[in-house]
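Before anything else, here is the set of structures, which you'll find just below.
Heads up, the next two complexes both have chain A, just with different partners, chain B and then chain C.
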Partner chain A sequence: MTATIEAPVVEMPADAPPPKDSLRKRLHIPRFSVLFSVLWLVGLTTLTLLANYAPSVVQSIMYPYSTKIRANGKAAKYLAPNAQNWFGTGKSAEDIFSHCIYGAKVTLIIGVGATLVGLIVGGFIGIVSGYFRGWTDRISSIFTDCLLSIPPLLLALILILRLDDLKDVYSWLSWCTRTWQITLTLGLVAVAPFARIVRAQTLTLREREFVMAARSLGANRSRIIFRELLPNLVPAMLTVAFTGLGILIAAEAGLAFLGLGVESPHTWGKMIDIARDDIDKAWWATVFPCLMLFLTVLSFNLLGDELARRFDIREASV
Partner chain B sequence: MSQTVNVTQAATREIAGPLLELTDVTTHFRTPRGMVRAVDGVSFTLDRGQSLGIVGESGSGKTILSRSIMGLLPTRGTERGGSIKFAGREVGNLGRKQMRTIWGKEMAMIFQDPMTSLNPLMKIGAQISEPLRIHLGMSHADAAATARRLLQDVRIPEPDRRLEQYPHELSGGMRQRVMIAIAMACGPTALFADEPTTALDVTVQAQILDLLGEQRRDRNMSLVLVTHDLGVVAGHTDEIAVMYGGKLVEKAPTRRLFAAMKMPYTEALLASIPKMADPSHTRLSVIGGRPPDLVHPPIGCRFAPRCPYAREKCQSDEPPLIATDDDPSHTFACWYPVGSPEYHESRERNAAKKVEAA
Partner chain C sequence: MAAAAHPPRFGSLLLFEVLVRYLVQRLLRFAVVFFIVTFGLMVLMRLGMNHPGDPARTMLGGTVTQAQIDDVTARYHLDSRLIVQYWFWLKGMVTGDMGVSVQQNLPVSTYIGTRVLVTFFLGVYSLLLAIVVAIPVAVFQSYKRDSVRDKFLSVSSFAFVAIPPVVMGVLLIQLFVIHLGWFPRTGEKIYPWDDPVAHVKNFALPVLALALPVGAVFSRLLRADMVRTLQSDFITLASAKGVSTQRILWRHGLRNSLFSLVTSIGLQLAGIVGGAIVVEQLFNMKGMGTLLVSTILSKDLFVVQALSAIIVATVVMVNLVVDLSYALIDPRIRQMRALS
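Moving on, here comes the complex of A and B:
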């Protein structure tokens, strides 16, 4: 083995300059969609909290809830947008902008509440059926499949009407106001998709080597579920929660549009419902609440997408 | 270390007899294709402080065997038989709850891929000290101090900094060291390492194996090293067991196995290792054919279809595991073992008949 090996001479291509990061990346400014969503949601939440709990701070731009706008000495019904009433006025001479902000509170409470109900109940069902498998899984799968097979809006409609009746009959149900009814029913609608996604994630996670490694060190069931599985499920749950939030807010608006809304303050769906008949003469009374709804749902969806990208989760559909 | 460790270790270390005694262990899986006989009648013993290498190609049942001993197999669709005695106690049929008292404290396992066997969302320190707190009832401070010492034991530089890091901040070799530290945290009497170096590069591989050997001696621990690489076990175990098709086909002290193997399969395995003395571009000798189908294993000797020395008897009768004449610790399962007159004869005969193996 004395033969010398001659290395062939290979022309190395000149090094291409490394791609330069954009200015946005170098300054660590998040992409536009994220920036917009965060600003929109934070702004909306702050405004609605201030309007409801510290009205004096936002006095200069908003009217109290029951104020009727007056012009020329009489109630100004369907006043076009102007410097005082940015979004114009509505059917009963209310300021649309102020009402949009007051309504946001209920909308956000119902959206977040329903998502939490879905996340907690669905997450519990998902983890239990994914971890224990067998008959536990089969029974809970039948339950979630049943939920999924009913059209969600129909289910919510029937449940809310039924709860209304029950509330009249049983006094112990008196806490169940319309807000609670909608939150609970929409939460129930959200249970099945959450349970499915969490179950699927749990099934893959439980077979991962670190879970087996923990088991081989004598970790008990609750330890494996709470220390090994649950923290690893959080990214998926968070992503689905944000996407779900948008959908549930839209669903709430849908219910309000169908006449099952919260009476006071009016939510966006209810506002659209009231003003839609007069859309020909006063487009602003319908379009602006629609726009609020659209931008809010869009923001939650964009944030959900961004989280999915960050956590590298494949399109999780609700 | 705290007193509890000494108590549990003394309890298991003072009992006479081998630490691990397997008698006719079988592990079968029910599948739609039929019963997969992954481990089919394996018997051996392992003494305290000894190390055993289990070698075989993919699908020979070595991983399933080590997981059977650990009791880490899925319960559904699995049929287990035979007896597994650990420190004089039957552990083959213990439930999850009872196994939990053994896992970690008496038996521990290191897995193949250090990249996936650490929880990505827990700090190294928490992962090491958790078993200490659960099994040994240590306080947070004691556990943290022990974790730090364990990291030093496995030669991790800057242990204080590492305790606060997450797995993704460490290299593969470093993570396998952490896995070893976690496995040894509660002072197990037996450590199972399932291909601990397969995912690591060669220099790191040697370091990890040396570390395992060193820890075994220091802690008087038994070590079972499962691997497909004869080079890995060569310098690091006292004995080697060769598995083929779910069966133990040869077991001997390491030196003896390399010098005087009896089973043609072992011979073929050794022949397939490239040698330093060979000129470059020498073709590696390979074992023709494929590992046996474990749903319908061949009748007779399972290696017969690929064996260049096979005769009619090999295809009809299964050879028993017998000891060699001169060394009772060397057992093998072959009708015409390497070196016997029949062996040479059958080779010539097969060559004359142009019978190629498989």
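Moving on, here comes the complex of A and C:
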């Protein structure tokens, strides 16, 4: 006689239905914050480009840079915001709105330029030290430690002031205008954080199978670095670039506020510095440049945050 | 036998050795960074001084006699090689003699003393305030994760991150000084032991302007870590065993989530010192930042060197202390170091 043992039947709980995506996700509409930052940045860039290179297009809303607003036959100093001057007028009867847009050009150029310098130099240092490790890594990490031990704004301050002097002494430095000075020094400031993040990413990437596969196929170092590692580093670099842009633009405003800005056109930091003493008489002359600065930095930060979330790069988020 | 060749070493001895080795490594690193940066800054400050009698002539400024130049040059060994000058300067710094502000004819230590103190207060208060605000906010957010209040706090902390110190300072002045009139416009330096109330009033706005963005960064870092910690098994176990929510949050959760926050303190400190330069200017405080700008312009070399050395040493030292304290607090990090 054979005993049949029946397996007890266990009721498995039915899987809970996956949570339904929201309407926004199903329609592939980006988050509000992303939408806002993209719109803001694209709008600002377009307006700036138009104002500088095709002034006739924006004639109806903006004034040429050196226009003095006149009312009742005399220069209208500190005119409150109205239909003609959206953001009011400033100390020397200039239109604040137009000046905000003209100032954006220098700010954006310096921000993007400094980020590129930081990305190229920092990215190079990061990849090389992460890939070769050993002494290369040790020496370059001492270099980045040195850069990180000086407060960024202080380093930029010393370098810009020194370059001002050196320009008078050495004629071969004469190409170095204020814009170049600020771009290069802020780029140097950005090198260390960029190098750190790229190094950390390279350290994990170089152990992955595809790198080993390339190496076993006989690929040389430069091929591994440029064809295998670099494309995989692009998400990380893009993410830090956006976060870094926000920080560098804020730093540029700080420098301009301290009187180390570009002479003309005034950037937002300089506009704040000029108008802040009369803030009780004319809040608009200070508050609107502040707002422009805030929204621009915020937009870059939001985009950086979104990219960090998409690519899952924790170190790069603010 | 393998066991005999490597006699077993017990935890505390191994731990001690690892900590000592780690400490020595970090101290060496600290020294190397400090030497490179201070020497580099010294070289940078002297670039382009090619006139006869330099750097003494440029340091003195204006019209000076040859005798004065010779005197200063001889006193500070300015005619010898840079590395020798650096040696003498370093020796002076160690023995407490920071040199003389040639233009003010004052010892650097008395010239910069009060100013360093103003910036010191500014930095310490801001860092403390940032941490004190960030921790409860982040703990609350991680406890009420994805609630409306959490989302609101997330959005507002993101907004605070994006406000540069310049903008923050201007807005605070507009609100608290002009509209409400609660605080004075300029921060005169008043020591806490002279007049505590006036001290707080003077420092409140500059400290807020510096601390809020940093606090927002801290709370974002801590929230992310804390959310991850609260999802781990030992928290589930603790709550299953009936540990109270408060204890889970503040003892089990917080202690295991401090890593990102603590490691970012060093980086944020550098940011605070940089921001202090702007904030001092904005509130007309007589701190290190304003002095530094004016002395770089007037090429008062010893003052610049002393100020930058103080700042660099502080930043590096705080990083070192933070690193070490974390290794001491968190057993996991200790073990990681012991194993590697």
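What we mean here is this: the second predicted complex is superposed on the first by the 295 of 318 C-alpha atoms of A that agree within 3 Å, B and C clash if a C-alpha of one lies under 4 Å from a C-alpha of the other, contacts with A are read in each partner's own complex, and residues count from 1 in each chain.
Operating definition for what follows: a contact is a pair of C-beta atoms (placed from the backbone, for glycine too) under 8 Å apart; a residue touches a chain by one contact, two chains touch by 3 or more.
Note that this is a predicted model, so its numbers are computed, not measured.
Look at A:Tyr170: by the touch rule set out above, it reaches chain C but stays clear of chain B. Of the two partner chains placed around the shared chain by superposition, chain B is the only one that A:Pro231 touches, whereas chain C remains out of contact.
Chain A has more of its residues touched by C than by the other of chain B and chain C. After overlaying the two complexes on the shared chain, residue contacts for A:Thr267 are found with neither chain B nor chain C. In the superposition on chain A, A:Asn85 makes contact with neither chain B nor chain C.
With both structures placed on the common chain, the touch criterion links A:Thr185 to neither chain B nor chain C.
Chain A has no residue lying at the interface with chain B in one structure and with chain C in the other. The residues of chain A lying in touch with chain B in their complex are 1, 133-134, 208-210, 212-220, 223, 227-228, 231-232. Against chain A, the residues of chain B that register as touching in their complex are 70, 72, 76, 100-105, 107-109, 111-113, 116-122, 130-131, 134-135, 179, 182-183, 185-186, 279-280. Within the complex formed with chain C, the residues of chain A that make contact are 142, 145-146, 148-154, 157-159, 161-162, 165-166, 168-170, 246, 250-251, 253-254, 257-258, 269, 272, 276, 279-280, 283, 286-287, 290, 293-294, 297-298, 301-302, 305, 314, 317-318. On the side of chain C, the complex with chain A involves touching residues 29, 32-34, 36-37, 40-41, 44-45, 47-48, 50, 158-159, 161-167, 170-171, 173-174, 178, 217, 220, 224, 267, 270-271, 273-275, 277-278, 281-282, 292-293, 296-297, 304, 308, 311-312, 315-316, 319.
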